[in-house]
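Listed below are the structures to be examined.
In what comes next, chain A is part of two complexes: it sits with chain B in the first one and with chain C in the second one.
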Partner chain A sequence: MAQYMKKENKYFILMLIIAAALLVGIVAENIVSVILPKTVRLNIDVEKVKQKLSQAGIVTREAKHWKKVR
Partner chain B sequence: MKIIECQLCKRKCNLIEGQRGDCRVRLHLDGKLQTLVYGNPCSVHIDPIEKKPLFHVLPATGAFSIATAGCNMHCKYCQNWQISQRPPEETHNYDLPPDRVVAETLKANCKSIAYTYSDPIIFYEYMYDTAEIAHKHNLLNLMITAGFIEEKPLLDLCPHIDAANVDLKGITEEYYQKMCSSELAPVLHAIETMKKNGVWVELTNLIIPTWNDSEKDIRTLCRWVKDTVGPDVPLHFSRFWPRHLLKNLPPTPVETMELAWNIAKSEGLHYAYVGNVPGHDGNSTFCPNDGKLLIKRIGYQILENHVVDGKCEFCKTEILGIWS
Partner chain C sequence: MFLPHGAKIQLTKYLKYIFNTHHITLNFTNLLRLGLNQRYNALVMKKNFVLSCIFLFLFFGGMGINLARQWQSEDTPKEIESLSLVLPKAQRFSKKIGQPPHFEAFGPHPTTGEEVLLGLAFVTTDIAPKILGYAGPIKMLVGTDLKGKITNTLILKHSETPSYVVDIPSFLDQFSSLGIKNTFHLGQDLDGISRATITCEAITRAVEKSLKKMARQRLGLEPTGMSATRKNFPWDEIIIPLILFGMAVTGILTYNKKLRWASLLVGLIYFGLIKSTLVSTVQIANIALLKFPSFSQSPLWYMLIGLTLLTTLLFGMVYCGSLCPFATVQELLYNVVRFKKKKIKRPDLSYSLDQRARYGKHIFLWAAIVVSIILGNASAASIEPFLTLFARNGTTLAWILLGLMCVAALFHFRFWCKYLCPVGACLGLIANKSPFKIRLGKECISCDICDRVCPTRAIKMDDTKTPVINYPECILCGKCIEKCPKDTLKIKP
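After this line comes the complex of A and B, so read on.
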């Protein structure tokens, strides 16, 4: 059947397929980001943090008004 | 994984070890919350107190003004974004512990210390300790803030703060959320709390074209001020100038500033001001009783002052503020 189609129609159908694929991708990414727990991505190298602070000459001091959550 | 919660401002950041809060200057390290800016301001200036603006506090005196990097607000129009939206590693910082701030203030013959430019809430401990020492030397403490703070730290701080200018940026939650990624309700609560706890409060409302310049918004804001904290709380309307992320907007037309000034007066506010329009009548203070000119200002400069012992020189009406 494709051999009877005009060239423009073929391109149009190709664009539709690409658009549909993109849409599916975006929806899937959103679902994954909602389902995954937010803390998963956090992994901080504390030694590196301390090193960077001392390189910048920053001296820390205990703050007021905070509590341990867990 | 241990998590601690910062309870200083309404963001209540939950932080794992090594993580910083939204303000960039408070860090969970070694199981504790640490401040990164104590004694290290990145901005130190002597300003006329009128620049804060505080028009009812020791007119024509200098305010020793300090700020550190960081902020817990993220306003699209921030005029100090070079320091407020940066961590302390990216600013040039001075070594100025609280006792030296006080010593420098006295040396410069200033009558007050202003915690300003970025939001001083995020350098709370530095401000608190400096303010305590300042009071022992009869200096006033001025907090220039957006008021986005939890009640408990604010109540602890109030006895050490004499005057505050709170930026009441708008009067809708939508505005606060879209313009500053923040909330209105805690700010209103902070204004009330300061007032109830003996802090002299003045308010600033920056009027931005198309964002918060409608007659309805301005009137609602004025009504809130009058009904909640009273008609004697000075309200400074400030003219917007394009900057930071809002360079696409024009400056606020002077007519809009005048509209706001007239609305405030018609709603019964005793002290409404027009800022960033030098030479405008709205720079000056008028007696709420006889309407006479009391303090004539052009920008930050004072040309005449007819407030004597906290009263109108002509009709003796009390003009609220800190005058001596």
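After this line comes the complex of A and C, so read on.
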């Protein structure tokens, strides 16, 4: 039956399916934003911590990835 | 026909009433015509009745569940979990004590190492419960040191529209530099979030009021007075919606196309571009959750929702047809393309596919309400692309959906409205019951013109060649009234 479907109907169904999928995705994003709100995070003054460590004689460096320090 | 004389007279009168004609013969053909017309009408009515029942069940059921949950709810675990985030130096916290209610935070003294009181943490809704955001109270946890300076501010719970408050973390970061000696003027001391004025004002006032009250009563400090709140009542938010709805209803009742377009364009400018306030599923969900903003802070919310419900109950799809800013954008896109290239025809979509696809908007309405009730937060119902367009803020998916709807609007008249808009689905069920409707007069000659010109396919000729109007789909554009050769279609009770 699909081969007899008009071109307009096929494009219409495709557009509806894509729109519906996007809407489901947006609802999922909204659910995540409610359950895991972005405001829950630490406010650490990194510069202050670095200053204290260097006062204690420890050299600080940016860690790009986990690596065993030898 | 072999009927008693009295019954024949009654039946003839009934047929004349149904077909609005003085010249009718009581015979088998007319009875069959009546039966088929009534059967089609009955099918349309039955479909709308079932959809209405499902919506009312979900809406009021959800309201009941939310009420029951509010009586039982205990948010304390979340407050306790968040304490170390507002006062990171503290190692121990007390239970919530005292008046005003607060948590005491203890940690090591920087020099002696002994455990001392480092600061206090408090929940704004415990101290300033009457300060409401756009969709109800905004519950925040605020940490302060012993000098009354804010250490951090966290939002624990809110129901504000997500696309308008995407930038809340950076807004809240500004509070960390403020204390009891500061003023909290939005626009001067603090930068607000564009299009989220009410939310920002509510957060600012709640934090300031609760911080200064806590500092005075628990820390024995003398804060500065409260910053002045918005002085002037926004009368424009009462008067302009009244004028716009008046224009829309007048345009509909006088079949004035220019007045309809004027209300569409002014609605786009005022509701869309200036105020960014539209009727959305979030508001329907907030009503189900019994979360309302304060009238003095947000009169536009009450005017928009109140006038929309009133005009829909009385006349039908007034808001959707003559005021919705996103509908205006779609109509402009559809008409501009056809103005430039007159050969673009409307896609010849099959009628049955078109009608089945319209159930989609009801499904999304139900899903939005159910998800909002389960989460206890209407933010989940924020799915409309117009929120992205007019707030100019949204996630990637939201922008893609907006783009797709704009493209779809070039080919299909009001694509979003017909197949996906949950607000249209809800208002359509109410419009079905309106006393004033477009009704067929007695001069109908079954010419089929109204069926062909209706841009939303709300009119269909049934098997007896009588136009049947599906009122939840009718946007009261008046095209059928304008084009009818016999002027037989009119809005009447």
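To be clear about the criterion, the second predicted complex is superposed on the first by the 38 of 70 C-alpha atoms of A that agree within 3 Å, B and C clash if a C-alpha of one lies under 4 Å from a C-alpha of the other, contacts with A are read in each partner's own complex, and residues count from 1 in each chain.
In the analysis below, a residue touches a chain if its C-beta (ideal position, glycine included) is under 8 Å from a C-beta of that chain, and two chains touch if they have at least 3 such contacts.
What you see is a predicted model, and the numbers here were worked out from it, not measured in a lab.
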{"item": "Dominant toucher of chain A (residue count), chain B or chain C", "value": "C"}
{"item": "Contacts of A:K52 with chain B and chain C, given as first, second, both or neither", "value": "first"}
{"item": "Touched partner set for A:T60, first chain B, second chain C, both or neither", "value": "first"}
{"item": "Partner chain(s) touched by A:N9 [first = chain B, second = chain C, both, neither]", "value": "second"}
{"item": "Set of chain A residues, in rising order, touched by both chain B and chain C", "value": "39, 42, 44"}
{"item": "In the complex with chain A, residue positions of chain B that touch it", "value": "1-8, 14, 16-19, 26-27, 29, 31-36, 38, 40, 88-89, 93, 124-125, 128, 150, 152-153, 156"}
{"item": "Interface residues, chain C side, partner chain A - complex", "value": "82, 85, 88, 151-152, 154-155, 162, 168-169, 172-173, 176, 347-350, 353, 357, 360, 364, 367-368, 371, 375, 377, 379-383, 395, 397-398, 400-401, 404-405, 408, 412, 415, 419-420"}
{"item": "Chain A residues touching chain C - in the complex, by the definition given at the top", "value": "6, 8-9, 11-13, 15-16, 18-20, 22-23, 25-27, 29-31, 33-35, 37-44"}
{"item": "Partner chain B, residues of chain A touching it in the complex", "value": "39, 42, 44-46, 49-50, 52-53, 56-70"}
